[in-house]
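Next come two complexes, and both contain subunit A; in the first it sits with subunit B, in the second with subunit C.
Right after this comes the complex of A and B.
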């Protein structure tokens, strides 16, 4: 008996789990209900308040709905209408322009501000705070201030007059040629400080030894920027780009407060067109279809960027 | 250690339970299909956010509470927010009870969807029995139910400052030609003859020009039919309106589409612009001492054969069909229709509106007397672009009219686009 016991015991133990499995076996096999609750309750909340309305949005995009009566199913009619809707096509063009201009300028100017203000000199904190200040203000309040600046008798026109450029006076927000760009300025004004802070943090993380080495090798300021600073900022760039893309596509408040997409749709973005179609013209089906387009666009841009970022990381 | 774990676990369990409870209560609130509570005061959602109008509403609510039969809690919301939120209020499970809004086609659109309370009981009260026939039909839905209680109305006209006209040596014009002469004279003095105020968030002010030119050229019946979708915006009749408007464009304030009507009012009061086609509501934001100096004249007649029509929008209240405080709502509405309530409102506001109750006294000023006569002489009364059509149609007009003011030569394509945009709303 003892022999067999000795023989059989190792046999039973042979398939015994290796240390990692053994460790897992010692711990609780089932997830404790409390932990499960902590996962499921937020999931339920998210499902109820985010996923479900989003799915409903997709369904509403296939309907014609005035927000009061029951929606009627119209299939892909809303999307077909979009193909022939000049305002939609204009708004898409403006959104792409916004993405490029607003996104590009805020990254470039944010980086420039960070480079200038990264070194600890006397008073630099003040300048950093001043540049960051617009981020703290609500965009609607910011827009009100800029509305006053752009008024026909506003600060900007008075300034132009006083420096002898009176012929450049403009109703900046009421002219279809200037409205989109005039609206972009306050948006940039706010964004640059935010991007600057991200870059300053990135610049602080660069090992000074790299600059020393570059200097020893005879690299000039431009070469140091190109071959040391920019490559070292790659990880920050990823964050900045994601922030910029997301902020560009959701830009709404500043445009709505200043021009409402006007005059006659000249500063219309997809987001403002969606809002006015849904909540002013009360065509919630078409508005939902526009929201789907914005979602697809945002998802597409962010996904393609993330895929590239991951590929580079590998 | 064990103790620590236990207490942490307890804490977590407690937090989890609290979270779940909060979530469940959230679910209950969000899905409650019941009507609003039948207790507490009647909620009165008001879009009258100009300082004087808001203060006047507070006076009315305070006076109602003093009467002792019930209480109302006033909730003032910015006009633009109110307008976009109204469908949400009315369709929500727990809506506010009573709302400031407009009768006619605007109220009827909600009545057709069974969202408005039948106010037949209110209309049987002695105060409303004396209301004019026109007001009766304006407040009756297409299905024949009374859905609205009107309290005040006001008029639109060409407003100016008496002292400025005297200073410039000009007087009120009697005919279209007189009007053009007046514009010429003002322009030669370096004044913008016509202020507009269709910039900022008040592009709708430009619709007044469209309304008036259309009712003067094509008549009120055609105008109402056009706004109801029975005619097209690219019809030759509508084109005539813009041909006439083009004659006037050189006299408009060049910043007309860049500043809101409040700023245009400031220009008018300070004498930078000569006159403005506006409703009396602009006075709610004007300094009280300027009120005595304000006067107006009738929008000039263009074709004497067309019956004289004026824009005189009526304001008042409707109630949600889903209110749980039916009796209290009826009591409040009856009070709002009394001469007393309307006089309190007029006293507290700029006093430029007229009461609907025939027994109520208006502010009695020369301006108001002239305004009353102005409306009484009209053969037809229109409300305003969005009130005679729908709020959904208003953005199409804002777009077309501001574009016309900036690019009058493109009127052909502007009208084609307007018709296309309007058709989408009518067919929705």
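Right after this comes the complex of A and C.
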């Protein structure tokens, strides 16, 4: 096989062709039709359900549409309206807060859990599984569990009562001041195990010789963390960051099943506002415009993720 | 055997007190580790234990003593109520009717595309790969309205095939990306040998590459099973009738139907969580590998 490749190549190309740069010998150069179909069929499936709808979504953002009569083109009116829409501004603020708090805490706590549970010792598998188990729960089931905890006569209030902090009793989900944070806790409960798994894998990839060398140089535990572990985790950090930002902007199930964005939009995120605007108020054009805002926010992260993926896919 | 051991015993006894201190310190560290990690694990499992216990209590018990009290009753009736009257049985069947075909078709399509893109010099193969991944990274919100309209246009709105279709279309990009990374690491010589033996692309795919990709496929199936099974957003976008809703949406319905009857709601949550927990416990290793596979690539 390699012989024929060498023999036929000079016939077609210039004599003594320079080997094509970066090309690796990965099978035949002519693509069989079957292989072409292998790629095109999935691509068409994705085009039908993702690319084509996405393009339509961008167009619908420029229209006013009730879903029944034909959409009317209104240009950038939807986006102008947002500037005066208090619920939109609140939802944006909550989304940013969600990104920082939910994202930041799940990264920090996930890393902390990974540092504790990275070593292979007896029983560590059980601890990891315990932290990881909520990841496989649906967010809806998760939300219901926590609703039982947050009820006015629920577990949290009973607990506060029993330790003498009865004056902290609260209708956690019905209070505008606490609803957003109360919703965030179950989301974190579920996310931390996921982030932990990513970090445990990253920590296992670090060469132990680096720690030995640092120890010989007299570095303490904190210095080893600061100067060996964290720099070595840089690529995992990039992944975790992307996962967290994308998950934050997509966060929907847990809020929807706990509060639907209420009370009085106090736990409204852009994703829940978009959904209720489009499918409950039936303002499909404005809903699409909100989706475009979510897209733009996610775009920066996606870009950086893609650039990294591009480099590694090569 | 005995001769080499003599010097080591001697040196051990000379540093006896030092090693004893080290041993004690190591024991203390181990105890501390288990104490800390154990507390964390208990804290994490507590909400799950709460649901399990609540699902086995009677309504009167909860009403009289509160959710947080020690259980004073035991009944399996809540499961029957959620299962039959609450419509969980139908919902679970719906979920499986969507999840199983969606997982199988998505992985089959993704494996095919990944094979083509990783083993052949297709034009624009890198751009195609990134385009497909990019589609999966789009926030689904931008797709909701057009997808619901598209399913109406295709005449499959409010049917399970619509949900299967959108799960396939939206998921395929990510799996192509992961499988592509995996298939690329298979040495080209294996394929070349098969070509010399006269194998066509289908045989190469089916007999050589696919078997070698099995670990990645196992990991991705465990992962995608839980993702699709747990989805709520797509389901409530393309479905309308209560009888067609998957278990996640049905669980929200159950909550409206049995307001503050936490025993039934808890039983419903247990039913809804059981399949993914079973998959997780059975395929834990693959599952965790899958998350890393997706992320590290």
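The rule is short, and it goes like this: the second predicted complex is superposed on the first by the 271 of 314 C-alpha atoms of A that agree within 3 Å, B and C clash if a C-alpha of one lies under 4 Å from a C-alpha of the other, contacts with A are read in each partner's own complex, and residues count from 1 in each chain.
Convention: a residue touches a chain if its C-beta (ideal position, glycine included) is under 8 Å from a C-beta of that chain, and two chains touch if they have at least 3 such contacts.
Just so it is clear, the model here is predicted, and its values are computed rather than measured.
Taking subunit A as the reference, the larger set of touched residues comes from C, when subunit B and subunit C are compared.
In the superposition on chain A, contact of A:68 is made with subunit B only, not with subunit C. Within the superposed three-chain model, A:50 lies in touch with subunit C and out of touch with subunit B [touch as defined at top]. By the touch criterion defined above, A:104 reaches neither subunit B nor subunit C. Contact with neither subunit B nor subunit C is seen for A:231 once the two complexes are overlaid on the shared chain.
Look at A:34: by the touch rule set out above, it reaches both subunit B and subunit C. Shared-chain residue A:300: touches no atom of subunit B or subunit C. When the two complexes are overlaid on their common chain A, residue A:166 makes contact with neither subunit B nor subunit C.
In the superposed pair of complexes, A:281 makes contact with subunit B only, with no contact to subunit C.
In the superposition on chain A, contact is made by A:155 with subunit C only, not with subunit B.
Once both structures are placed on chain A, subunit A residues 34, 38, 41, 45, 48, 67, 147, 151, 279 are touched by subunit B and, in the other complex, by subunit C. For subunit A in complex with subunit C, the touching residues are 1-2, 23-29, 31-32, 34-36, 38-39, 41-43, 45-46, 48-54, 56-58, 60, 67, 113, 116-117, 121, 123-124, 126-127, 129-141, 144-149, 151, 153-155, 158-159, 189, 193-194, 197-198, 201, 235-236, 239-240, 243, 246, 249-250, 252-253, 256-257, 270-271, 274-275, 278-279, 284, 287-288, 290-292, 294-295, 298, 302, 305-306, 309-310, 312-314. Considering their complex, residues 9, 12-13, 16, 19-20, 23, 26-27, 84, 87-88, 90-91, 110, 113, 115, 199-201, 203, 254-255, 257-259, 263, 391-392, 394-396, 398-399, 402-403, 406, 424-425, 428 of subunit B touch subunit A. By the touch criterion given at the top, residues 34, 37-38, 41, 44-45, 48, 64, 66-69, 147, 151-152, 171, 173-176, 260, 262-265, 276, 279-283 of subunit A touch subunit B in their complex. Of all residues in subunit C, only 30, 33-34, 36-38, 40-42, 44-45, 47-48, 50-51, 54, 66-69, 109-110, 112-113, 115-122, 126, 128-130, 132-147, 149-150, 165-166, 168-170, 172-173, 176-177, 180-181, 188, 191-192, 195-196, 200-202, 205, 226, 229-230, 232-233, 236-237, 247-249, 251-252, 255, 260, 262, 265-266, 268-269, 272-273, 276-277, 279-280, 284, 287-288, 291-292, 295-297 touch subunit A in the complex they form.
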